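In structure tokens below, several structures.
What follows is chain A paired twice: with chain B in the first complex and chain C in the second.
Moving on, here comes the complex of A and B:
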């Protein structure tokens, strides 16, 4: 065909086959790349904990309690007063904290997005009812509600998840509802209705792709929030019960020794900060890519 | 009647084409109103017409005359509330007004499809055009993925998109306005609907492209034996393409008949005024505008809606309960002075 001929003529000689379109390797977002690499490294280190450290996180060596970093056999020292290896506690604890960050957030994104889509798409009474429920949740401080639920159910990892799931979806519902309201008014949605598409098809295939980016970007900040919440609950003693290592409870336990053995609370604190930074970078990067207009 | 029987009834759009010239859709006393804070807007007020299989039926009128709302009411596209529609839209012996959402979804796209004015905004910007064309087939048929892709390619070829193999994975923003309108037509025709509602399909396009799109529509209509309802404010477009036409004013049909008869011997002062305001249609040097502006559709007064702008108005027009009067073979006019039209017709 004529046009193909012209095209292939413009391709330098020697290129073979159809994949003549050159693809430039260009980093679309540095924050996304750096944040992603950081998070992958942290997650890999936590998953590979058994190979990175030879200590069981609960193994106590009272005689060696409060050993400073870089002391023999303990890169990050040991905690006081039990003499548990700080490195292995941070690595094993990271599993819990990352699980909270990712697991809790995934569910809230899905539930909140679904509710927001339904409310924004159908509008009217359905919207009214769903949004009043959301308002009720918003009327209470987030942390207070989570604390109340955990206090009712008793502290455990699962109950912490349940509490975050129960409360966290409301932000997504509200964000997605707003975006959905805008997109539903678009004329291509009218066109989709004209073609006899079902409500579910329109919501999933035509509205969701336009609105999901906001939820994804927000979810990165939310994941950090949930990790901090997990740490805060651990700090308050309502998180994962001891002796399971968790960064928040490590900080809480270690704060008594801040003056004499600074590394005990400081190192898990740095771990939280690093995870927080990597999620934030990913969120920024996603915002750059998915919302180019600003 | 149970829902499943009805469903089976509506599922097969292309089972057998109705005989050309037979009535395929019958609209009876269609009323659509919008409940707003300013009052009840009677956007469509007692519209009746028949669509004959294979014909092109034109609806002409100015903005706000109710032509688009009529079209959308036929397939229940208006949001309820604020809109409410009553009357009869008979298709296959069934009243489309009052069908459940699911039943209506089976009619839309498969039996009655629609092409819109603005190809920029009626395509989903985030979906490849090939997927958008194939999606209608996914929703209404049991075709597999490969089949749908082949069908999309065929449709793109049918609507005159050059080298569809190269364009099928492009996004709408990569197409020109005319090509986008072709894509919209391909989407609307994917399931081979019997009736195509074309709501100002060429208004957003420039004149040369308008012509191409119109002739494309007419060619496809002939090829598929489709019935086309062409809505436009452009009398020229209607005159060129339609077999029969209706003129709408203030939510009502004021004149209806064969295009040729209606344009050569208009029997309603509004149609006359429209013709006189067309360049090249009047004998004088200047175009003659219709004075005044259309009536408000909130609580319209009884009597003739065109009264305030009509050169033939008389006291009787104010109280007359208006209706369409036969003024010739297949020719209706909503004017009691239709027989005195010649005196002002130049």
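Moving on, here comes the complex of A and C:
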């Protein structure tokens, strides 16, 4: 996700006044609306799984294994060799994948933004040390370092979160630090300093509101990355242990029988793509609204 | 200083990052819950072997001392031993490195072939139907998990049309090129999408540059402006964009190797995690990170050689 970081960081943010005026003038953004509706619908379907499907995701019906989509009682068919209902597994599995996307990203936004604020505001030695640490993390491919940490801690859902939290904050630190450097030089910050406000108050009340939008926009792309990462870990057998349904591990299971049951690996992938697109659209929409120029 | 004078400060900047990489990989072993020696030895655990390894890693010494021992071993090319394969990690990695290098290079070439024309087209025809279509491709491509794309490509081109093999790496160069096409394409679709967006942005900024205005004012034909001024400068930024995104490429390679069972480093890494072969995980992590900063340096040097402005 290093790329995203650099892209977003290079887009300058306007003054606060401009941003607010813009928000009033163009509240409606099509990407935001479409992406938001898509995500709400998908999340609602996953949460309402018990009411939308009568099948337990782990219920095995060997006699009906490998039933194609649109067959009686199974809209998306069943998997092989167990005969579990694919729709039900996708809906229940989505709970895990959405949890990874939202849970992993929320923590990294908070940690990374805090580090970036501190580095950009205080500058000097603190900034130097923090940014060297960030540089080192960027040398590792995100996936490889997360894999290495999970390897050491042992595969589990909690350890997956710990690994993503430990690595994911660096992008936000770099972006927010850059934005903070710009804002800190502005006059209203000088004024706040002259008034004798505490560093904490200046950072939270004066700088944060100006820089947080960039972190929010980036967090949508980051959420896509984290959902893909969570699914990849599930696919590699390093995520949530079976029989708990999860989209990545469903694709791995389906790969074995893809010659005869193509829908088993295909459909969960489409679910991932739809979630990813909705987060990206929300990110694009937020960028339209919050950034002064397109 | 000469032509390569600009390389020196870059090399100096790299030193703290390289040291940082060794510190992080060193600490990985200390994340293992419980006794790292028991974990490192696995089934080979015995009182004598544990004592020997404890002494070799200096685990009875303070942390900074352990790190120095780790660093010393590293300088001698010693990455420890694999408990599963019962051979030095270094030899193990080198015996698996070939498919990985092929795949990374192949994917990079395919991604460049896809993204350079499309990225520039999107910028030149800004806000046209083509631009919108390319942006839609970007939106979808970045939401697709690489392992799933690989499976879909196999379903279409290996199972339905039987053009390419389902897995494997082949034995000679022509079969490498054929067998690795689907894995490389899988990576190139997402990697290329990232390159397209960066290239579109860099081409747009070149189009806004003063020298393009000058060329227009001189009355040069559009064809010459695009070919001589815009294209060359935008291609130059491709080098940098490539370097910045090399870590992403390596991450995708690890996953895709497992989809197609290519037997490279990525597959070794994942199987080592499943076998709790900690020394192998540590060695591969370290090597990939050094590879990434190495490529970063190379792209910086290439950029400097291509663009004389950097050398001053």
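In this text, the second predicted complex is superposed on the first by the 267 of 294 C-alpha atoms of A that agree within 3 Å, B and C clash if a C-alpha of one lies under 4 Å from a C-alpha of the other, contacts with A are read in each partner's own complex, and residues count from 1 in each chain.
Operating definition for what follows: a contact is a pair of C-beta atoms (placed from the backbone, for glycine too) under 8 Å apart; a residue touches a chain by one contact, two chains touch by 3 or more.
What you see is a predicted model; the values in this text were computed from it and never measured.
Visitor: Quick one: chain B and chain C on chain A, clash or fit?
Guide: fit
Visitor: Looking at A:276 after the superposition, I want to know if it touches chain B, chain C, both of them or none. Which is it: first, second, both, neither?
Guide: Touch partner of A:276: chain C, not chain B.
Visitor: Have a look at where A:289 lands relative to chain B and chain C in the superposition and call it first, second, both or neither.
Guide: neither
Visitor: Under the stated touch criterion, which partner chain does A:43 make contact with: chain B (first), chain C (second), both, or neither?
Guide: A:43 contacts neither chain B nor chain C.
Visitor: Please indicate which partner A:192 is in contact with in the superposed arrangement: first for chain B, second for chain C, both, or neither.
Guide: first
Visitor: If we overlay the two complexes on their shared chain A, which of chain B and chain C does A:147 touch? Say first, second, both or neither.
Guide: second
Visitor: Touch check for A:251: first (chain B), second (chain C), both, or neither?
Guide: second
Visitor: If you count the residues of chain A that each partner touches, which comes out higher, chain B or chain C?
Guide: Looking at chain A, the partner in contact with more of its residues is C.
Visitor: Quick check for you: in the superposed arrangement, does A:99 touch first (chain B), second (chain C), both or neither?
Guide: neither
Visitor: Shortest C-alpha to C-alpha distance from chain B to chain C once the two structures are superposed, in angstrom?
Guide: 19
Visitor: Which residues would you name on chain A as touching chain B in one complex and chain C in the other?
Guide: On chain A, the residues that contact chain B in one structure and chain C in the other are 1, 3.
Visitor: Using the touch definition up top, name the residues of chain C that touch chain A in the complex.
Guide: Chain C reaches chain A through residues 16-17, 20-21, 23-25, 28-29, 31-33, 139-140, 142-148, 151-152, 154-155, 159, 194, 197-198, 201, 244-245, 247-248, 250-252, 254-255, 258-259, 269-270, 272-274, 276, 278, 281-282, 284-285, 288-289, 292-293, 296.
Visitor: Going by the contact rule at the top, pick out the chain B residues touching chain A in the complex.
Guide: For chain B paired with chain A, touching residues are 75, 77, 81, 101-102, 104-110, 113-114, 116, 118, 121-127, 135-136, 139-140, 163, 166, 184, 187-188.
Visitor: Within their complex, state which residues of chain A touch chain B.
Guide: Contacts found on chain A: 1, 3, 124, 186-188, 190-199, 201, 205-206, 209-210.
Visitor: Under the stated contact criterion, what part of chain A meets chain C in this complex?
Guide: Its residues touching chain C are 1-3, 6-7, 132-133, 135-145, 147-155, 221, 224, 228, 231-232, 235-238, 248, 251-252, 254-255, 258-259, 262, 265-266, 268-269, 272-277, 279-281.
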